[in-house]
Amino acid sequence: MESVGSIIMYLIIALAIIVFSVLAVTTRKILRSATYLLFTLFATAGIYFMMDYQFLGAVQIAVYAGGIVVLVVFSILLTSKPGDKAEKLASKRRAIGLLAAFAMLGVSGYALLSRCGFFAQLPAMGDVTMDQIGDQLLGTGQGGMLLPFEAISVLLLACIIGGIVVARKR
Amino acid sequence: MDITLMYYLIPSLVMFCCGVYGFITRKNMIAILISLELMLNAVDINFVVFNRFLFPGQLEGMFFTLFAIAIAAAETALAIAIIINIFRVAKNIDVRDLTKMKF
Amino acid sequence: MFENILIYFVVIPLVMLGGLALCKNIKQIRAVAVVGSLALVGLSIALLLGYLEQRAAGATAEMLYVDSWSWFAPLNINLAVGVDGISVAMLLLSAIILLTGSFASWKIEPLPKEFFLWLILLSIGVFGFFISIDLFTMFMFYEVALIPMYLLIGVWGSGNKNYSAMKLTLMLMGGSAFLMLGLIGIYYHSAPEGGQLTWNIIEIAQNNAIEKDWQYFLFPMTFVGFGVLGAMFPFHTWSPDGHASAPTAVSMLHAGVLMKLGGYGCFRVAIYLMPEAANELAWIFLILTGISVVYGAFSACVQTDLKYINAYSSVSHCGLVLFAILMLNTTAMTGAIMQMLSHGLMTALFFALIGMIYGRTHTRDIRMMGGLMKIMPFLAVCYVIAGMASLGLPGLSGFVAEMTIFIGSFQHTDMFHRVFTIVACCSIVITAVYILRVVGKLLFGPVQDKHHLELTDATWWERLSTITLIVCVAAIGCFPNFFNDLIKFTFSPEIFTVLGIN
Amino acid sequence: MDQITPLLILALPLCMFLFLGLAGNKMSHKMAGILGTLGMGVTLILAYSTAFTYFFSGNPDFIDAAGNRLQSVIFDFTWLEFTENLVIKLGFLLDPISAMMLVVITTISFMVHLYSLGYMHGEKGFQRYYAFLSLFSFSMLGLVVATNIFQMYIFWELVGASSYLLIGFYYTKPSAVSASKKAFIVTRFADLGFLIGILILSFFTETFNFIDMTSAPENVLASTGGATFMGASVLTWALVLIFMGGMGKSAMMPLHIWLPDAMEGPTPVSALIHAATMVVAGVYLVARMFPVYLMEEAALTIVTVVGALTALYAAIVACTQVDIKRVLAFSTISQIAFMMVALGVARPEIHEGVGYMASMFHLFTHAMFKALLFLGAGALIHAVHSNDYTAMGGLRKYMPITHITFLIGCLAIAGIPPFAGFFSKDEILVAAFENNMLWGLWMTAVAGLTAFYMFRLYYRIFWWNTPDYEKHGHVPHDAPWTMTLPLIILATVSIVAGFIPFGELVTWNREAYHIHLNWTVATTSVLVAVVAILIATVMYRKENAISDKIANSVKGLWTAAYNRFYFDELYIFITHKIIFNLVSRPIAWFDRHIIDGTMDMFATMAHKASGAIKGLQSGSIQTYVLVYLLGALLLGVVTVVCVML
Amino acid sequence: MDYSQFLAMKQEIGLLVVFLLVFLYDTFMPKKAQSNLPGVTCLFFALFTAACFCPCLLTNAESFSGMYESSAVIVTIKNILNVGVLIVLIQSMKWANSEMQIMRRGEFYELLLVTLFGMYLMISARHFLLFVIGLEAASLPLAAMVAFDKKHYESHEAAVKYIMTAVFSSAIFMMGLSFVYGLTGTLYFDGIANAIVGEDQLNVLLIVALAFVISGVGFKLSLVPFHLWTADVYQGAPTSVTSYLSVISKGATAFAFLVIMVQVFGTLYSQVWEWMLYGLIILTITIGNLFALRQSNMKRFLAFSSISQAGYIMLGVIALNTTGMASLLYYILVYIFSNLAAFGVVSAIENKTGKLSMEDYNGLYKTNPRLSFAMMLAMFSLAGIPPFAGFFSKFFIFTGAIQQGSIAIYVLVLIALINTIPSLYYYLRVVKAMFINDSETPIESFRSATSERLGLWISVGGIILLGIVSCVYNYLLDLTAPSDMFAGLL
């Protein structure tokens, strides 16, 4: 039995996720869309906090909400005039979108629900300390993430180079 | 009420499906990018909650999410660069205009 | 490697290719082509003599000149060569037709160099196929022989050449699709459980390890695969169009040699390796080939294009080859091989003559021509001889082959087979009808077109080409037992006795 | 006996053919003609000596102590070996009938060679003509000396081919071309039967060899093991099918249609091939196989019936034709049918198989007088430049030698003693009567008709009224000596041949048989013939309207007979309407549109399918991901459904 | 931390050294020396490639607790890719020196090397996180490369299409991974493999997850129906990038796919993914062919041809035996040479005349016989005509597949074989255009740049020799034979 607080917390977060995701993809104003995305990301961060992964929550807020959304917002401002509004969707397109979304939902939902093991309750877990995270992030033992860490640095470098070369005017 | 694993998975799935919906219906490329972010985010949630609920003893899921966030960032940056690029050429970021090559 | 005479059947054409690449003018090209193909003829005669000598000396192995060089060792793919009487005969046939084909393309235009390049590449495929006893190399050479056809027809052909070339290539490739599957399947069942798998035909035959159920699957695959090239009904339609559009030498080589690859393969692979299934399933293909025989002949009756007539006649004759092979007895199979030889020479002669006539009159429509006997007596007489060979006049090769087939087929103990033999026999009448129809319209009667009166008779190279072929046709027709003995030895009675047939 | 002579008999004409065929164009007409004739002359001498040796030398190879003649294989080398037993050999079988045939063939052939020197003088392709004649002689000789049925089949085909070439000698004439084509195809069709017959027979007996089969015919019967097919025993089938080959070559109804058309060839060719030698090959074939035929009564009955019908039919038609060569052609058909009937009615128990002997006898005499008639006709045509007897008349004054020889021929064929025809025909009638009264009367009637139409022809040519030849600027006259000499020789033979003691020489079991005339039959037949001749005399000696009146009174029959009872139309209907239009064309159409269409359809389908799914590649990434997603989901769902079920 | 672990990754490190050298050269060398950049890069890379053939690398190594693996086979596939990349680099020299690209070429090389690095990781990864990073590293920079042709709108369009669909696909892929993680609690390959053996194997979630995973990798392989981006991107991208994308990226992914399917999900083969792959192969080959039939743009045409080729490559996966694996490697090698020869000709012509349509190739033989000849050999090889290498690779991949032995595989191979007919048709269309068709305005005779010629010579040499010289395939067979990857899976 969960504490009421966590249930309420959960409800808020779950609701936020669902509502803001839906809004993010249905609103006709692109800037609002970005805003709703931000809210969703915050709600996600909330989940991370609830899961006791504070570090991850922080990263989520910092990188995702703080970095990506800002990037998106900038690009929106760069590429659209204020007051730009998407015209209404053709119902056919919406139907197709809905079909795809519900198909995904149905299939994956059914698949998930078919696993009884997934109705597990939150087990107890010690706090994930920064030490732990740091050790494992740069560790080479079982679960050590040194190699991915190095690899992703190359990836990020490449993306930076790529971004620069693409965005360069000439 | 027990808040079980499924209670987290379903919102995440909904989020993912919203992303799918948005990708398929939106015209603005940046809106599509936003949809993609939703999808990636949903995956992140999955990893985290699986890790936390089922395998609390280890951190693989969490790390995956950590790296996924980095990847998502890189991807977004690149995608935005490309979108801006095309905006320069076409003065427009309507994805429906991206059909010069087909069939 | 080079002490085996067989390898030179591939080496000489390769040298020719190299020689051609260096050629500067048409004379040098001709020289390379003629010298090379003469060398090949010489080589095949030497092989024939050597083969006979070994046989006379008491060699009883199924194949002689057997050699094997490892190629893809882990898969046990070898460059295995070896010949028996059939291959020797086929090699001789191919060499002769290549030679005459070179003469027939004396004045090929445009791009003579490329033409001969492709022609020789094709011949590499043919020779390689006949010397191979390894399924893989055999298949490889088979395909090597197919693809030059496309360009040869497409570039140097006439009429609706693009369509025909494409159709021919695609249909033959379709056949080889089935074939490839069949061959790989055979490989995986080539040895008893735990034995070393092999592609070598002799070893597979000795192992005799293909289970019956698999034979049921693999036999039709390989038979149809080769059957397409053997113009088996209903996969024959590439033949009329292809032949009609091809340039002379290509028609000659294709009808004369390439179609034989089909019959040879059907025998060497499908039947030889899977006799049980062949015995059980023969009736299906007998019906198809029986239809081929009669149907091709009937179709030929109403054609107006010379090449179409001959192409359909090839369908009929090649159908007879497959028909006889399926009879699974020594005589009929000997007949089938004789028919291959006979049809190869005869149809090459036909196509050569048609090419020569077409080169002069610029039409192949028999309604537009007439009385050519008066204008170009040499060609006309040759045409009559070819026609007589085709309709089975004794003394020419067609008769010998057909009779061997009919007699052999009729020896089959099963009523069904005998009745079908009679059906196939009917083709000799229909053949007479269409051959005489053409001869009557084309060569006899009044001259149709006054312009034709100015046309000339054959040139020396054309004469050389046709006379060579006629001599060969007559040689088989007059001294059949020589070829009969050559071929017959090959059919080891074991595979028949194992089955309890005949 | 040495082997060189027989070998030469075959080799000489063959060499002559090859030589004239290859080098003929380089030499003059005269050279080629003389060479050919000389070659044939030598062959003639060799053949005569061989026959003489056979019949009269008393060599133990040829005659045993009891005076029975033997079948002797002079040489026999393997040509093609199918199986251990089934071997095609090329050999030389000497027995009474083949020896006789050697004589007949070489005689007629030599006569024709000689005759043609004059007849074909100046024709384009003279060398070719002689080459073909040599080819024919070679093939025909090979046919008669065949030691096995397959050798016979081989030469059978070869004579067919040389006949084709000779009929189509005037290749620029469309009618000649189509006649040659027809001859070849019709006989080819018959040969199909022959071939199938051989197949069946060899399947059971496991031999091609004549001697093996005929010396022990009961083994042949036994080897079939009583097998039947569609109600008839397989041996009957085999024999009837083999007879079918004979029907084709010997122009038995209904496969006779090629022979009248074959008259498009040069007349000497008609004399050689289409009167004397090749057309009797069918008779010869049945005679060769006669002991085997004896095993199956049904087969012989069919031979008789076909022969009798053909004889009557051809005789009736011959009464109405105006083309002299056609008349002779139908007369040939009728006469060969006589021989067939003789074989058909022959039984060992009837006068020791007199029918067989009669048949062979008639074959011999007929060859002589029919060749004579044809060559005579050739001389007439040469003189008048027309085949039509309406262009002739009163020629006896202009061409006395031709007239006399032709008359001898007519008398011989009409069966007037002492001419050759009388003796042979008389034996046939005897055999027929002995077998069955019906056949006897039937054949006697046909003999009467024969006399009638022959004299009708004779009178129309040599009597009737004389047209104004000067008007055409061309007065007919007798031919040069090269042409008349053969006429005279053959006429002489026609007169004396009847006195040859044929029964001593040729019988079915090769035992000597003494011919004795059956006076009743002889008298009857002679009477009938004389009456027929008288009627013909009345009707045709002088120009009058009797014949027209009679023709008008039986107009239907007359027209039908004139049109040969519409057999040609029937064939044209069958070949053009049925074979071409109903079989070949549909098959060709089927091939182009259905079979080929199917192949093309695959291609079209691929293109259509390619067009149909092009919408997938719409260029919009949203469609792309939609397809992607649905694809992935479907992949999952389908697998789930399949695995879980 | 134990940095010695990195020593197992000799090839990756070597590649990064090359990357750094190029980077430094590009950044710090004076303008004058810049013009040598393509040459220098090729040189560096050639040296690296040569070094990688050192037999001392052919050892089995594992590091980072089994996150990274290297073995003789893996080294070899990387070498194969290196060879391909070297050819691409050589072929692209002309393009890289062109006016348009001169200021971006440094980045081109850098991005290219990074994507290659990503592919290395995909191949060597034994942990899904590393795999994902490799996958992303192999695809995201490519998006930038696709957008390199700034003059052409198509290039931008292609880049957008590529990155959008790529991210979408990786989202789906990661979704599938999350499911797998949820089921097994680990992302290590062997861990997952052990876990799904231990559990009741067949649950819906696992199958769906597997479908997602396959779709994610299938995207990069352009398996139908995950292929739709391919044609547009190939068409829009600069030709050098297209050739890189079509051969190297595909080859690397194919091998990685094999590893994932066998090492991770091997136990599910006969029940689950054999049939998934079965369907995908049929669809891929057939639809790829059907689309290729109607193309007139050369690059687009080659795109669809490469789709159907991917289907053939997958036969090496479904074979589930060492012969199949060896054949897959061999197929990739041969495919690299064949396709690069084709792209080499296309890019040579494009660089000279800007023409890309198949109609423009009409009568090419009359004006440029050598180029046409190279193109013809490439087409024949792709179509699987002996004696060119493509025939052998096709034959062996079929041989490998059939070794699996079930009748279903026979049927599959038959379908694949029947599909060679339409494929032959469209390959011959190109040959026909060059050799048979006439044109009033043929591409005039020109001499292609030395680098292009060199690239073509290498490719053509490969096409001719790789098959006939049997040692290559024999070597691969010997290499894979000891592998126990497939033991006990069937």
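Annotations for the structure displayed:
So that you can tell them apart, the chains are marked A, B, C, D and E in the order they are listed, and the count of residues begins at 1 in each.
Keep this in mind: contacts are C-beta pairs under 8 Å (C-beta built on N, C-alpha and C of every residue); 3 or more make two chains touch, one makes a residue touch a chain.
Source: prediction; values computed, not measured.
Annotation of chain C and chain E: jointly contacted by D, touch as defined at the top. At the far end from chain E, in terms of centres built from Cα atoms, lies D.
Ranked by separation of Cα centres from chain A, the top chain is D.
In terms of C-beta pairs in contact, A-B outnumbers the other of B-E and A-B. With centres taken as mean CA coordinates, the chain nearest to the overall protein centre is C. Between chain A and chain B the centroid-to-centroid distance comes to 6 Å (mean Cα coordinates, whole Å).
Note on chain placement: the centre of chain D and the centre of chain E lie 77 Å apart, centres being C-alpha means. Look at where the CA atoms of chain A average out and do the same for chain D: the two points lie 101 Å apart.
For the pair chain C and chain D, the distance between C-alpha centroids works out to 37 Å. Shared interface positions of chain C, i.e. residues touching 2 or more other chains, are given as 170.
In chain B, the residues touching two or more other chains are 16, 19-20, 23-25, 32-33, 51, 54, 58, 60, 63, 67, 71, 74-75, 78, 81-83, 85, 95, 98, 100-103. Annotation for chain A: residues touching 2 or more other chains are 93, 96, 100, 104, 107-108, 111-112, 118, 143, 145, 148, 152, 155, 159, 162-164, 166. Contact between chains, as defined at the top, is found for A-B, A-D, A-E, B-D, B-E, C-D, C-E, D-E.
Across the interface of their complex, chain A is touched by residues 622, 626, 629-630, 633, 636-637 of chain D.
Those residues of chain A whose C-beta lies close enough to touch chain D in the complex are 93, 96, 100, 103-104, 107, 111.
By the touch criterion stated above, chain C contacts chain D in their complex at residues 167, 170-171, 233-234, 236-238, 240-241, 295, 298-299, 301-303, 330-331, 371, 373-374, 388, 391-395, 399-400, 403-404, 406-408, 410-411, 418, 421-422, 425-426, 428-429, 432-433, 436-437, 440, 443-446, 480-481, 484-485, 488. Partner chain D is touched in their complex by these residues of chain E: 160-161, 164-165, 168-169, 172, 202, 204, 207-208, 210-212, 214-215, 219, 224-226, 228-229, 231-232, 271-273, 275-276, 279-280, 287, 289-291, 293-294, 422, 425.
Of all the residues in chain B, the ones that touch chain E in their complex are 16, 19, 23, 29, 32-33, 36, 39-40, 42-43, 46-47, 50-51, 54-55, 58, 60-61, 63-64, 67-68, 71, 74-75, 78-79, 81-83, 85-86, 89-90, 95, 98, 100-103.
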